[in-house]
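Two complexes are shown next, each including subunit A; its partner changes from subunit B in the first to subunit C in the second.
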Partner chain A sequence: MKKLWWKILAIVLLVYVHIGGLLFAVPRLRIHETIRSLYFHVPMWFGMTFMFLISFVYAVRYLRTSSKEDDIRSVEFANVGLAFGTLGMLTGMVWAHYAWGLFWHGDPKQVGAAIALLVYLAYFVLRASFENQEQRARLSAVYNIFAFASLIPLIFIIPRLYSSMHPGDDGNPAFNAYDLDGRMRLVFYPAVIGWFFMGLWITSLRIRYRNINEKISETEL
Partner chain B sequence: MSVFELIRKDFLLELRRKSVIAGLGLYLFSLIFICYLTFNLRVNSINAMTWSALFWLVILFSVVNSVAKSFIGERKGVLIYYYTIASPQQIILSKIIYNSLLCLLISVSGYVLFSIFIVNPVQDHLVFFAALVLGSVGLSTSLSIISGIASKGNNSNVLMAVLSFPVVVSILLMTIRVTKNAVDGIERAASTDEILNLLAINCIAAALGYILFPYIWRS
Partner chain C sequence: MKKLVYLVLLVLSGTAVQAQDFEMADVMRSNGQIYVVVAIILIVLCGLFAFLFMLERKIRRIENKLDNKK
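Let's look at the complex of A and B:
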């Protein structure tokens, strides 16, 4: 992970996505130019899901190894995942303001995503309420696994049972009829990959920062 | 110690402390009575969605109050004693089964009280009871495990509320939907998806609890 190429790739892809996403032609469908939101809003949820998935994997690993590093990784991936989720929520609300006329519409997909974010906020509340570091790491790893298990129905299952005004109601919200236009894929896939690498980069910096802090506090003792 | 002995012990303890059962019953009764008074339900008619939502909210609050006690509020010494006589898997299984039975009891008596004071609009009883059983098992499974986690924290009562509500939301949404279908008496095929989903959620919660509880218990 110390290599340089994927960081450069992330920057190049995201610069391309921001230029292309704003300037390239898009098909004029029901939602007109606001379809450009696909390039900025949907990759946030992809990023969030990936980050929470990695956080979940490290939580499982922590329960097997009990190493402090796995705990730090798990927390930081959850942190960045939450940031992605918040950005996804905000970009979605800006879009909803123009497409639906309201920032908060109470759409099933909005509600499901909001509850999913609450679950992960509760994870941080849980972490804050322990003083013993080992206990905090162990119990929050357990809750992290629960949070991920409840994320799947909240994001992927329940919104599909209810009818919704959100694009992609008739199937997968990310890859549906709007996206079939080949030109949009040329920007959308790079956006997903670029944001994923960007998330990894931010997380790796935060993990290094936390590890250095740990070392400093150990040497001071 | 087998699982059955542990469940029997829980029941004996509960029956001996009659004040707890009585308190729970009174809590349920007053919640339903407050609903009846505030909504003025005898005069105004109530639609299926409101009835189902109200019913499950009453059940949720009573269950949170009873199931939360399963680990919170136990004395340290008692917990250490359990630790020595039974494996964590046995303990969580017995708690889940005991809490599910208790929760079923609460929801059935809630249903009876609802039909006395408010109305009993349920048309499809089989689907309704399927929702009751699955909802009770799901709520008590997830709440038992969350209570195990919350009991280790500093401020366990607040923690219990913060941790549990987001997790039980998906169960509640499903059960309310099925209940609404049962109240409306829609054909059963309309509710099978939700019932299967509920079943799947229950299985996932129980399996996760079974696997993860040893990590919660060890300390």
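Let's look at the complex of A and C:
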């Protein structure tokens, strides 16, 4: 995780995405230039999903190993995932205000995503309510597994069952209406990869900070 | 061969008609204003990357300090 190459990769990809996302040609659609928001809005949700997935994996691993480090990793990935999700929600609302006329429409995809974020918010509330470190780690790992299990229907299944103004009713919720256009993929996929590595980078810094904190409190005891 | 030419023309005219359908920020692109926006966004982005690198360096220093103490 301390290697340099993937941080450079994240930077190169994101610089490319911000140039290409603003300059490259896009299909001329009813939402005009705002289609470019797809390059910045959708990768937030991809990033959130990846971060929550990794958090879930470490939660499962904690239950098998009971190691404090796995607990810390699980929490920090959930933390950064929540940050991604919040950004996805805010950017989505701004875009919705332009494309649909209102910030909040109660659209199935908006509501599903909001519930998913609240479920993960509750994860942190749950963690904060324990004094005992081991109890907190164990119960929150179990909750994390349920949270991830609820994320899948909330984000990927339920929104597909109801009609929605959000693109992609018939398949991928993110970009089905536009993915015929290969030009957009050239920017979109690098954006997803770039933000994913960016998320890993920020998470790794947070994990290292937490580990230092742990070491200091151990030496103090 | 003639059919093929017609087909190509048809496809091209189709895309041309589609291109006129919705108004895009073509002026902003043609007169170069967009490059100013891109440059500014890139500066902000690079600033953030530099910030992350410096933060990482600080964390590494404390890690080394802790390891040396043991």
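As a working rule, the second predicted complex is superposed on the first by the 219 of 221 C-alpha atoms of A that agree within 3 Å, B and C clash if a C-alpha of one lies under 4 Å from a C-alpha of the other, contacts with A are read in each partner's own complex, and residues count from 1 in each chain.
Here is the rule we go by: a residue touches a chain if its C-beta (ideal position, glycine included) is under 8 Å from a C-beta of that chain, and two chains touch if they have at least 3 such contacts.
Computed from a predicted model, the values in this text were never measured in an experiment.
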Using the overlay on subunit A, decide if subunit B and subunit C clash or can fit next to each other. fit
Should A:11 be classified as contacting the first partner (subunit B), the second (subunit C), both, or neither? second
Contact-wise, after the overlay, does A:32 reach subunit B, subunit C, both or neither (first, second, both, neither)? second
Contacts of A:216 with subunit B and subunit C, given as first, second, both or neither: second
For A:205, decide between first (touching subunit B), second (touching subunit C), both and neither. second
Is A:19 in contact with subunit B, with subunit C, with both, or with neither (first, second, both, neither)? second
Can you pull out the angle centred on subunit A between the C-alpha centres of subunit B and subunit C, to the nearest 10°? 150
With both complexes superposed on chain A, which partner does A:83 reach: first (subunit B), second (subunit C), both or neither? neither
Considering the aligned complexes, could you tell me the closest Cα pair distance between subunit B and subunit C in angstrom? 33
What does subunit A use to touch subunit B in their complex? 63, 115-116, 118-119, 122, 125-126, 129-131, 135, 138-139, 141-143, 145-147, 149-150, 153-154, 157-158, 161
Contacts from subunit B onto subunit A in the complex sit at residues 142, 145-146, 149, 152-155, 159, 162-163, 165-167, 169-170, 173-174, 177, 193-194, 197, 201, 204-205, 208, 212, 215-216, 218-219
With touch defined as at the start, can you tell me which subunit A residues reach subunit C in the complex? 7, 11, 14-15, 18-19, 22-23, 28-30, 32-33, 201-202, 205, 208-209, 212, 215-216, 219
State the interface residues of subunit C toward subunit A in the complex, per the touch definition above. 18-19, 21-25, 29, 34, 37-38, 41-42, 45-46, 49, 52-53, 55-56, 59, 62-63, 66, 69
